[in-house]
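Both of the next two complexes hold subunit A, though its partner changes from subunit B to subunit C.
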Partner chain A sequence: MKVLTLNFLTCAVKDCKSSNNSFPLHPKDAELVYDDLEINPQLLVNVLPRVDWVALRTTSTELGFPELPEQPPTVEELESDEKMLQDLHKLLMETQIMEGKLVCGNCGHEYAIREGIANFLLPSHLV
Partner chain B sequence: MSRPEDTLAADVHYDDVEARKYTTSSRIKNIQASMTQRALELLDLSSPSLILDVGCGSGLSGEILSDLSPEEGGPHVWVGMDVSGSMLDVALQRDVEGDLFLADMGQGVPFRAGTFDAAISISAIQWLCNAESSDTSPAGRLSRFFNGLYASLKRGGRAVCQFYPKNDAQKKMITSAAVKAGFGAGLLEDDPETKNVKVYLVLTVGGGATSGKGSDITGVVEGMEGVDVLDNRRKGKSAGRGEIKKGSKIWIIKKKEQMERKGKIVKATSKFTGRKRRVQF
Partner chain C sequence: MASTSALLSSSAAPAVTRLAAADDDAEAYERAHVHGVYEAIAPHFSSTRYKPWPAVAEFLHAQTSGAVGLDVGCGNGKYLGVNPDVFMLGSDRSPALIALARSRTQQQEQESQPEPGASSAKAAPPPPAAAAAATASDVLVADGLSLPFRDRSVDFAVCVAVIHHMSTRPRRQEAIRQLLSCVRAAGNADAGGHVFVMVWALEQGNSRRGWDEGGEQDLLVPWVMKKSQQQQPKKQKQKQHPKKGLLQEGDKSDAPAEASGHTDSSSVFQRYYHLYRKGELEEDVLAAGGAVVTGGYERDNWWVVAANGPPSSSSRPT
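This part shows the complex of A and B:
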């Protein structure tokens, strides 16, 4: 699962919908893989305004990456700065979680990830 | 024709054998591909986008999304969710590019608000009309799904869901659930009245009027060839309540229709209906 996708995931449990702690989910015992993907600058520019930068900083620290700048780059900066584009592409698209767990900060529910597929099936009493 | 929806749950029906059959059948592949192309046409995306594929299965439609050339607005990045582990297993072996989730659409869509530019779903949402256990109902599953989908799409986003309704009641049930969730909804039928009819539910999230077009399906299909628009919605206030004067001809005809629907015997409407009798003296 891409780090980009993790930035959009929330806890699926009903009671967590109203809680602020249910986002972002916290990776636990994560095994990472780098997958070589072709860079798609237009997509990154399109997606950037929707990325929750605070959550992305938390996630990247939790995954053991160097700390990200405090402010997200603006679209103009991204378009002009090749290096920044490469870095973001590497973090958001190429870094993938293959094994591990995602833990909700509110209810503590653990979503298992196996072979890159996260299991979001819930027992019916939590829906 | 037998419907697998009638006999088993989606995750039980698509076991290893069925999933493999589904993915290797060239007939199914062709149909899926043409439906995905049609859905993309309806979505009308101009630049690379983030797309949710509901009921992605083995990634047959996702593949088309990632292989789209830059001239056609691609390649898109997609996230797929499916309830069948076997299907996802096949997707893994085929090495698809999208992120996969093992999730039941009837339990909602676990993404934060405004995540996706668009959503597609090919031959999946009719499964929502089945509830396998006593603690869920089709209506509940439909509303959870559409509410979740509505929230996870960005403003102005679109969703196109191709599905196989069992009958008109099911078609209506799905559409009204989508409307209830807040979508602007419309149905597009390709090859209507034939065996190969394909039903597309086209959903828009408010503010879709990007280029002055209508924000609902009539705006979506505008300019498409061979599409007839049948708009059943009430036009303006003319049919609104309180407008018809009691005792008028229109009022009488309306009442007669009402009674007819109830199965009562009603005199045929003629030019004399609702007229005053002449003065006797």
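This part shows the complex of A and C:
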């Protein structure tokens, strides 16, 4: 599971969706790998406005990366700073959680990630 | 795609009566007649699914660069790489299909070094639309009625050949409601804010399945898998036999596959379908609180593009 993906996910439990505590989900015991994926600069620049930056900062810190700046880079900054673009590409698109869990900050439910695939199927008592 | 139609029976499938059942019953029914079947037939099913429907491809290509989209019920992930300039999140109820989807997108990402574990997907001809290099996508396992996506967070969603597997009308409408809740409001400037849904049509006058207007809408449709097509015989055996009991109900009927002399070397899996009559998909969109933007019919399927209400169709250029 990519770090970018985590930015669009919340708890699958219905009652958690309206809670601010359910986003972002918190990685636990995460094992990371890096894919070698060709960069698509236009996609990256355009996807950034869709990213919840505050949540991304939380996720990034929780995964043990250096703290991200408080504000997201502007389009101009990204287009003039090749390294910044590469760093974002690596964080959002190339970093994968291969094993571990995602924990809801509201209900505490843990979703397993195995072989890179997160499983959001709920036990019957949570549906 | 002769292979697909050959797998389906040529004559009418057994009709099933789906009364307004309690939700628990509906869930259990779908576990036996949808979820369990796809787990068991995943590699074979996947090898027949590589060609995108034109209406779906057109919808995906209309999305702008950097858009984030969902494919709910993505199966083997054949739509995840259609538009390389969008980021696609694919989900499916079947862990086996998602594993195939993942190895498939990894193959695209690491073209020169196919993984040994991806062998089951190799029977598939090379996916023409997805042959281009890197695909910005990810996949996960989730139920279409308990989606883990943040409200209003994505630009668009597609849901192809999924909702017709849900066995009550409230569940089908809830599935559409959940899709709509994930996408942002539709704007005038681009194709974002839209949900594309495609389902099997009742009106299939030009197909040899024999279904048409006025016919039974709730059916069990056999999927026939020959032994040679069961690529993991050992696993299949373990998985299949405990489920036999559940599938028996359908098997007792005069499924054409059995009637035509298939022996024990074939397995018949009965999948539940609700065939949509003309106009029904639009009704379900409205019942789900959505607005119909446009819709159509493509080779035995109804499709619709929906947006969050209030209606925005009038502001959309035609």
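Here, the second predicted complex is superposed on the first by the 125 of 127 C-alpha atoms of A that agree within 3 Å, B and C clash if a C-alpha of one lies under 4 Å from a C-alpha of the other, contacts with A are read in each partner's own complex, and residues count from 1 in each chain.
Rule of thumb we're sticking to: a residue touches a chain if its C-beta (ideal position, glycine included) is under 8 Å from a C-beta of that chain, and two chains touch if they have at least 3 such contacts.
Please read all numbers here as calculations on a predicted model, not as lab measurements.
Trainee: Looking at subunit A, does subunit B or subunit C touch a larger number of its residues?
Mentor: Of the two chains, more subunit A residues are contacted by C.
Trainee: Applying the touch criterion given at the start, work out whether A:Leu43 contacts subunit B, subunit C, both or neither, answering first, second, both or neither.
Mentor: Both partners, subunit B and subunit C.
Trainee: First (subunit B), second (subunit C), both or neither: which does A:Leu122 touch?
Mentor: Touch status of A:Leu122: both partners.
Trainee: Please work out whether A:Leu68 is in contact with subunit B alone, subunit C alone, both, or neither, and reply first, second, both or neither.
Mentor: Neither partner.
Trainee: Quick check for you: in the superposed arrangement, does A:Ala30 touch first (subunit B), second (subunit C), both or neither?
Mentor: Neither partner.
Trainee: So, does A:Leu88 touch the first partner subunit B, the second partner subunit C, both, or neither?
Mentor: After superposing on A, A:Leu88 lies clear of both subunit B and subunit C.
Trainee: Could you give the residue numbers on subunit A that contact subunit B in one complex and subunit C in the other?
Mentor: Residues 1-2, 4-5, 8-12, 23, 37, 40, 42-43, 46-47, 50, 52, 93, 115-122, 127, which sit in both footprints.
Trainee: For the complex, which residues does subunit A have touching subunit B?
Mentor: Going through subunit A, the ones touching subunit B are 1-2, 4-5, 8-12, 23, 37, 40, 42-43, 46-47, 50, 52, 93, 115-122, 124-125, 127.
Trainee: Hey, which residues of subunit A end up touching subunit C in the complex?
Mentor: On the subunit A side, the touching residues are 1-2, 4-5, 8-14, 17, 23, 35-38, 40, 42-50, 52, 93, 111, 115-122, 127.
Trainee: Inside the complex, what are the residues of subunit C that reach subunit A?
Mentor: 27, 64-68, 84-87, 89, 91, 93, 95, 98-99, 102, 109-110, 133-134, 136, 138-143, 145-151, 153-155
Trainee: How about subunit B: which of its residues touch subunit A in the complex?
Mentor: My answer: residues 47-50, 75-77, 79, 81, 83, 88, 92, 97, 99-104, 107-108, 110-112, 114-115, 117, 133, 135-136, 144, 154.
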